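Which chain is which? They are A, B, C and D, in the order written, and residues in each are numbered from 1.
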Amino acid sequence: MTAQPFVVVAGVGPGTGASVARRFAKAYPVVLLARGADKFENLAKEINDQGGKAIGISADVSNAESLTSAFQQIEKAFPGAAAAAAVFNAAGGFVRKPFLELTEKEFTSGWEVSQKGGFLFSQHVLPFLLKHAKDSSAQHPPTLIFTGATAGIKANALMATFASSNFAKRALAASIAKEFAPQGVHVAWANIDGPIDIPGRDDYRKNLPAEQKINPDDIAETYWSLHTQSKRAFTNEIDIRTSLEKW
Amino acid sequence: MTAQPFVVVAGVGPGTGASVARRFAKAYPVVLLARGADKFENLAKEINDQGGKAIGISADVSNAESLTSAFQQIEKAFPGAAAAAAVFNAAGGFVRKPFLELTEKEFTSGWEVSQKGGFLFSQHVLPFLLKHAKDSSAQHPPTLIFTGATAGIKANALMATFASSNFAKRALAASIAKEFAPQGVHVAWANIDGPIDIPGRDDYRKNLPAEQKINPDDIAETYWSLHTQSKRAFTNEIDIRTSLEKW
Amino acid sequence: MTAQPFVVVAGVGPGTGASVARRFAKAYPVVLLARGADKFENLAKEINDQGGKAIGISADVSNAESLTSAFQQIEKAFPGAAAAAAVFNAAGGFVRKPFLELTEKEFTSGWEVSQKGGFLFSQHVLPFLLKHAKDSSAQHPPTLIFTGATAGIKANALMATFASSNFAKRALAASIAKEFAPQGVHVAWANIDGPIDIPGRDDYRKNLPAEQKINPDDIAETYWSLHTQSKRAFTNEIDIRTSLEKW
Amino acid sequence: MTAQPFVVVAGVGPGTGASVARRFAKAYPVVLLARGADKFENLAKEINDQGGKAIGISADVSNAESLTSAFQQIEKAFPGAAAAAAVFNAAGGFVRKPFLELTEKEFTSGWEVSQKGGFLFSQHVLPFLLKHAKDSSAQHPPTLIFTGATAGIKANALMATFASSNFAKRALAASIAKEFAPQGVHVAWANIDGPIDIPGRDDYRKNLPAEQKINPDDIAETYWSLHTQSKRAFTNEIDIRTSLEKW
């Protein structure tokens, strides 16, 4: 008998990560990865309380050892199980600053999370996705989704760090998508184009009307649609924005 | 009481058009537009037999009068109704030929259907979509989907006609998308990247294995997902290909 | 002995066309095509007075017969000569208007000039460019340059006509570029991104400071650089904008 | 009196770097940066012997201290001088390998050179370019050119490292271009699309016919054309390929 497949969400916070976890938890046990346990504790509890299954694991996606340890814990929690889906929802280096004032550390922060993190996470999770691809009882092709941003398509002034690491993340997703599609793994990059409506976030988004902010639950719904696509109709790149967003 | 909204599919044939019509017919009455009645008669019968509702209307999308007459028939069939969705599934000018051997007529054929057709169809159907956008009981935002191809993104040698008219169709979709999104209409362009598995089609596709051909039912499923997106998470451009397609 | 090759500029006006004609006239006799003789008479006189050689021919690029007649006149003026370069500088359909207010005639005007015009002009001039490609005494590879605009890359709201025909023009250029490069013809598309500083033009550009307007003489200089590229380093797409332009 | 401006080429080897140095040495003293002195010694001698002026400095572009030291040496060699142009010709991480076999070190190598190197080099050279922008006797706007590759536009399977770092380099170039253009600095990214004809290179390129390999002298000529563009006609992105290259 095949063990029930799990889903991993890397970069769980109050916004997209939480919504995605909730959505996929309707069908699969979910693993919540975040650096700090405060990011996933309440969410795991909420999902478990509502009849789903969730475990949270502290992990730093930019650190190979940390991820290796996290996936060992996953294997212990779900012995022999494959991954039905994985979402890489982490991004770093959101710095808006004159180029000559950027520190090397700031510039590196984009690379650390968005690129190295995306690379390491993909290397750790792909074996579990490939396992699901070989499982003839799998309901949907295994899916790896990268949450991206318009900075992955358009590099603006003062955004050298975020734009370069987001362009790189998009390229990473595309290269992986092409290599693993013939093996049955569905990889997609989503351009989340605009501010996300994150509960409790006290920044420039606070005073924007709701209809100008992307609803993370709706992002999750679209991610779920991607997951349910058949091998004969994969979407590899998708954009998501509100009806009021300029593009 | 609001009249039940309808869905129009322009360019109904045995492939994508039929699959889309069947999928949307599960939720709405559908109008099938094609130049020849042979394209829609069996399909309309099939949908009606299975408990759905479909009417077929002969129309040439590249001819304003023909479209005007078609929409008058639609209004008669569904008095006062809005359009919940519309799919422009027509394309012209698929000619693979040395550039200097192209006739003006051949080159024009791409423009006629893909561009002028897209323009005229959009002008005729948008008022009905806008009406749905104002209907507070509408279940999903009104959706206008253009079926495109990779030739809308990449122009290859010997494909001047198809590529130029497909690039133009993509631009048309994007311009309309941006203008009407704030009014609540969701416009999307889908890059159908690869051969479609069209029943009974006796061409180069015949001997391709099924997994190398996009399943039109799966395209329809993705179109349906686009239709169900909320105003706070519209997708405007999407690609669809098999797991074996090179891109 | 080989006849001296000529250069054709289609769409000569007071801006880019005139500058390009003047620049290429330093090296080649130039043919000026425009619908009305008033567009090229003074320019031809100026070039001839300054020791260059120019002839003007009235022609409508969207009309095959008109172009055929024009090229017959060219052959008479330059018997047996090849074309060293050709510049398609015509564009139609610059209409900024709500989509539902566009007339079919307006929408068609973009197609007529930018697409059908580009198609017909290319078909007429390519045999002369191919002839130059076979001339071992040719100094530079024959060059066909399409003047484009940002509307060929980005389709904005209210710009359905101009954007769709410019997207199409870019695709046309790319398809021709790929087909004819192996035969030694260099085809390039130039994105002229921003307002051009056209002498005597009395529109929104009038009050813009000069440094926000692209200098047509500088466009001509870049076109000349494209022309002098070797077969081992062709540029096929290029953008040109002022240092103050947002992109 | 203004000190004569210099030009810096980072990543000098036998191919593009050497050709660019030779071309710009016709007009300016050139600084050759490479990790090992063997990369620039002969070239510096050649340029100096032929009446130009060149100095070579050992530097690692991925190391801030190394670059700081290099620019101190430049200031000593050219006291008070501005930079007329700078070319970032370094790239790292050209690894063709199944994704799951990539080591973290290999993946990081792309970042180190192409991104961090591009970042650090730009931060060091921009003050000298800005100085030239303020020099009213400058003949051409100061120019910063990034040598890129098609991997900066298209991410293929097995190329995750090179593609992601090249996408990032393109974004870096664009972000810098937009920030510094209003201050008069011209930044361009060049897509060198195909194998370069590098003298003495003993790899897969060896047996390709010359016409399938991009001539580095021709690349240099195009870079020079970019440098001579006026502020009213900057090119920010350009592609360069042979007439036989597929794209």
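Everything that follows uses one rule, which is that contacts are C-beta pairs under 8 Å (C-beta built on N, C-alpha and C of every residue); 3 or more make two chains touch, one makes a residue touch a chain.
For reference, the UniProt names are A, B, C, D = NAD(P)-binding protein.
Predicted, not measured: the structure shown is a model, and the values here were computed from it.
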{"item": "Chain at maximum distance from subunit C (NAD(P)-binding protein), centres defined as averaged CA atoms", "value": "A"}
{"item": "Rounded Å distance between subunit B (NAD(P)-binding protein) and subunit D (NAD(P)-binding protein), as computed from the means of their C-alpha atoms", "value": "47"}
{"item": "Computed distance of Cα centres, subunit D (NAD(P)-binding protein) from subunit C (NAD(P)-binding protein), in Å", "value": "32"}
{"item": "Approximate Å spacing (C-alpha centroids) for the pair subunit B (NAD(P)-binding protein), subunit C (NAD(P)-binding protein)", "value": "35"}
{"item": "Sequence positions of subunit C (NAD(P)-binding protein) contacting 2 or more other chains", "value": "178"}
{"item": "Chain pairs that touch, as defined at the top of this document", "value": "A-B, A-D, B-C, C-D"}
{"item": "Interfacial residue positions of subunit B (NAD(P)-binding protein) with respect to subunit C (NAD(P)-binding protein) in the complex", "value": "64, 98-100, 102, 104, 107-108, 111, 115-116, 119-120, 122-123, 126-127, 151, 155-160, 163-172, 174-176, 178-180"}
{"item": "Subunit A (NAD(P)-binding protein) residues touching subunit B (NAD(P)-binding protein) - in the complex, by the definition given at the top", "value": "141, 178, 181-182, 184, 186, 197, 210-211, 213-215, 218-219, 221-222, 225, 228-247"}
